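In the two complexes below, subunit A is the common chain; its partner is subunit B in one and subunit C in the other.
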Partner chain A sequence: MILIGERINAGFDPVAQALKDRNAENIRDLARKQEEAGADYLDINMGAISKDPEDMVWLVKTVQEAVDIGISIDSQKPEIVEPALQVCENDSLINSTTAVEEKLDGLVPLAVDYDASIIGVTSGEGGAPQDVNGRLEHAATIFSRATGAGIPPGNLFLDPVAMPLKFMQEQASNLLKSIHQISNISDPPPHISLGISNISSDATERSLINRTFLVMAMAVGLDAAICDVTDPKLVESVATAEMILNNEIYSDSFVETYRMA
Partner chain B sequence: MQIPDVKSEWDNEISTVKIGATEKEGGTRSANISVGGETTLPFLHFEGSTPHRPVLAMEVWDIPPDSWPPVAREQIEGVMEDPVEWAQKCEEEFEPDLVCLKLKGCDPFGQDKSPEEAAKLVEKVIEATSIPLIVWGCGDDDKDNEVFTLVSPAAAGENCLLGTITEDNYRTLAALSKADGHKIVAESPVDINMAKQVNTLALDIGFELENLVIFPNSPALGYGIEYVYSIMERTRLAGLKGDRLMAQPILANIGGEVWGTKEAKIPEEEKPEWGDHRKRGPMWEATTAFTYLQSGADIVVMRHPESIKATKLMIERLMEGRGE
Partner chain C sequence: MILIGERINAGFDPVAQALKDRNAENIRDLARKQEEAGADYLDINMGAISKDPEDMVWLVKTVQEAVDIGISIDSQKPEIVEPALQVCENDSLINSTTAVEEKLDGLVPLAVDYDASIIGVTSGEGGAPQDVNGRLEHAATIFSRATGAGIPPGNLFLDPVAMPLKFMQEQASNLLKSIHQISNISDPPPHISLGISNISSDATERSLINRTFLVMAMAVGLDAAICDVTDPKLVESVATAEMILNNEIYSDSFVETYRMA
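For the complex of A and B:
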């Protein structure tokens, strides 16, 4: 399971403050905490706080001072993504493109040029479709554009869009069906990723909903997630699911072993 | 007809473990040896690289090996009373890659030799030989901890391979090996889950996985070999796929297993239909070795010079064409 830590997001007040004050130590601390918790990538999101590419560059540089794991540059704007890719020495992941032509045109070549992985969100001109077929159509568009441009399936993450359970309860089962179908798109398949926390937006018991949904999604083919890796129960659930799915060899300390590996 | 491409791509490489230290490296060995580093399954040179050939170690005991059948014993006639001469003869005449000194005599239910005696012997064997050394405890946890407390520093700097740590007994030997610059053998009883667990425990107390080899036990041909074959293979597959707790070189310790079987031991006079036991025994050992080499073993500990010779030849042939 590829875990992408979501905590460096200027939508959170402490991160917004740290960005404003250029408080590098606070950012590095968040990076280290997520790495220790088991993150493979750290998502960096400036939220609505900034549109300045320099801010993203500063965040990327600050994070890689602290950790060696991958960096997920959370923006759909090439003018923000490219300068960040230029300074990124760790593995990089562009988060994200959609199936909209203009986005694909702007971001797919960057992934190729900088040997970055890229997330493709199944959303198009008319927004994110709620049905399975609509999601698959966009997934196919992104897949063919990305692989046609030379991005190997292993560097492509397709994200069939998690929607808040509280407001669109029927969406969750559509999403699970979509994951299963996308996993058959090619052999080897691309990664399938989700922003897990969306599913529990504005609900109570968020952590419980997040980890339960994550495990159900893993069972049908999800192999990457943008999530709160600092939630120990979530990582424990992932470790257990990986073992049940026979992706990890059981040992008595399987939770600890999962974190260490 | 088009031949399908069967090459697999692996994410991970098996760790490389170096055993033995030359003068330059703070030891006295004439050369060191490296095992591991594979990026493919055994001998699939078309698919990935096998930078180091598997190596063979020959057993030397600190007491006369009375339990060995005559066919194995007669090879060391005249030296088996003296482990130092025995080790020397091994190196000079039989040319294994390593000597595996087994401290059987320390067994509290046997001769109960003292840790001091063991440490002195290790020093002498180091002096008398020039190839890298494996030192193997007697198997009694408490006694082994006492013995290695003196043996490990006595061999400090020589970068030996010390064995074994287990799920129930790992702290002392791991700490000693770390302090004195040795590598360790992590033993698990025919159980891949336990193999992973022992590695986890070692890592947890700060022992680097790069300094460890996995020993999942290694029964002889005809006595459960297929079970361990699949464990070794699964271990290697997991390691190549990226499970870093399974990505270590593997050791097979087959001498004691093979030479305890009736197929290797029983003389021709008793079982004429089984043919010449002088050939049969070494063949049994060599065939057991070949099998483990095919499933991922990087180090094989053996007893008979003839089977070592045959296994070496086999390895040479299997390594031919490497990188071409």
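For the complex of A and C:
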């Protein structure tokens, strides 16, 4: 399972403040905490508070002072993504393109030029479809454009878009079906990723919903997630599911072993 | 989700003692506790301590003094199952036949005669196969014999056999595939059930493994489980999975609502 830590997001007040103050130690601390919790990548998101490529560059540089794991550059704007890729020395992941022509044109070549991985969310001109077929159609468009440009399936993450259960409850079962079908799109398959926390937006019991949904999605083929890796219950659920799927060997200390791997 | 409470099992010392002493109140107490925790059926298992049909009859009578939910008669011996069915006034479930000819001959007619549901475990003359195809073959044999005898698919539970992760780790992913395939065996489909606790036999973190495996199995089509309903973490995971699958409506108190339903 590829875990992408979501906490360096200026939508959270302490991150917004640290970005404003150029408080590198607070950012590095958040990076180290997520790495220790089991993150494979750290997502960096400026939220609504900045559109300045220099802010993203500073965040990327600051994070890689603290950790060696991958960096997920959370922007759909090539003018923000490219400068960040230029300074990124760790593995890099562009988060994200959609199936919209203009986004593909702007972002797929950057993934190729910088040997970056890229997330493609199943959203198009009309937004993100709620049905299985709509999701698959956009997944196929992105898959074909990305692999056609030379991105290997192992560097491509297709994201069929998690929507809030509280407001669109029936979407979750469509989402599980979509994951299962996308996992058969090619051999070897692309990664399949989701922004897990969206599923519990504005709900009670967010941690319970997130971890339950995450392991259900893993059962049908999800192998990557943008999520709160600092939630120990979520990570122990992932460790257990990985052991059930035979991706990690059983030992009596399987949860601890997974965290330290 | 159909939850079958596993606690009235003479493999547990207090139950063995209560059976020996004819301590009805202890049995009734265990029945009520499981009903309150959310059980739809209560499994009654005499373990290795008795082969006396009168003991099973006493247990069934005692349980139905306390609760109105279904009773699962846990025996493969017609000479134990039939007397229990004769006294059972609640919904009844025979647990279980296998695909072995002699078992089918002895138990399927009882399910028909007493309008009982029946569990068929995917085990044959050579034991319980570990691969997907072996499981499916036995499932098809049982399905065909049971429905051919007039048992409606809704009264049939196919059980593809949970095996301990600690000793047969690779079986769990076969089991998930088997569930998914059995769910397509007919329309309407039979129920698909598992003895969940087997998956964590002799492992650490049994509750974590049980509840994680259970919701992963629900994601691929499991709709019944023999399990420890007195484990609140297991039931809250089931409640969450049912809500994710859109089988229960979201409300801010969805866990409590599920328990009380």
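Assume the second predicted complex is superposed on the first by the 261 of 261 C-alpha atoms of A that agree within 3 Å, B and C clash if a C-alpha of one lies under 4 Å from a C-alpha of the other, contacts with A are read in each partner's own complex, and residues count from 1 in each chain.
Here is the rule we use: contacts are C-beta pairs under 8 Å (C-beta built on N, C-alpha and C of every residue); 3 or more make two chains touch, one makes a residue touch a chain.
All values reported here derive from a predicted model rather than from experimental measurement.
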Touched partner set for A:169, first subunit B, second subunit C, both or neither: second
Which of subunit B and subunit C A:2 touches, first, second, both or neither: neither
First, second, both or neither for A:260, with subunit B first and subunit C second: first
Partner contacting more residues of subunit A (subunit B vs subunit C): C
Touching partner for A:252 - first (subunit B), second (subunit C), both, neither: both
On subunit A, positions contacted by subunit B and by subunit C: 249-250, 252-253
Touching residues on subunit B, where the partner in the complex is subunit A: 192-194, 196-197, 200-201, 203-204, 234, 238, 243-246
In the complex with subunit B, residue positions of subunit A that touch it: 248-253, 256-257, 260-261
Sites on subunit C touched by subunit A in the complex: 165-166, 169-170, 172-173, 176, 199, 203-205, 208-209, 212-213, 215-220, 236-237, 240-241, 243-246, 249-250, 252-255
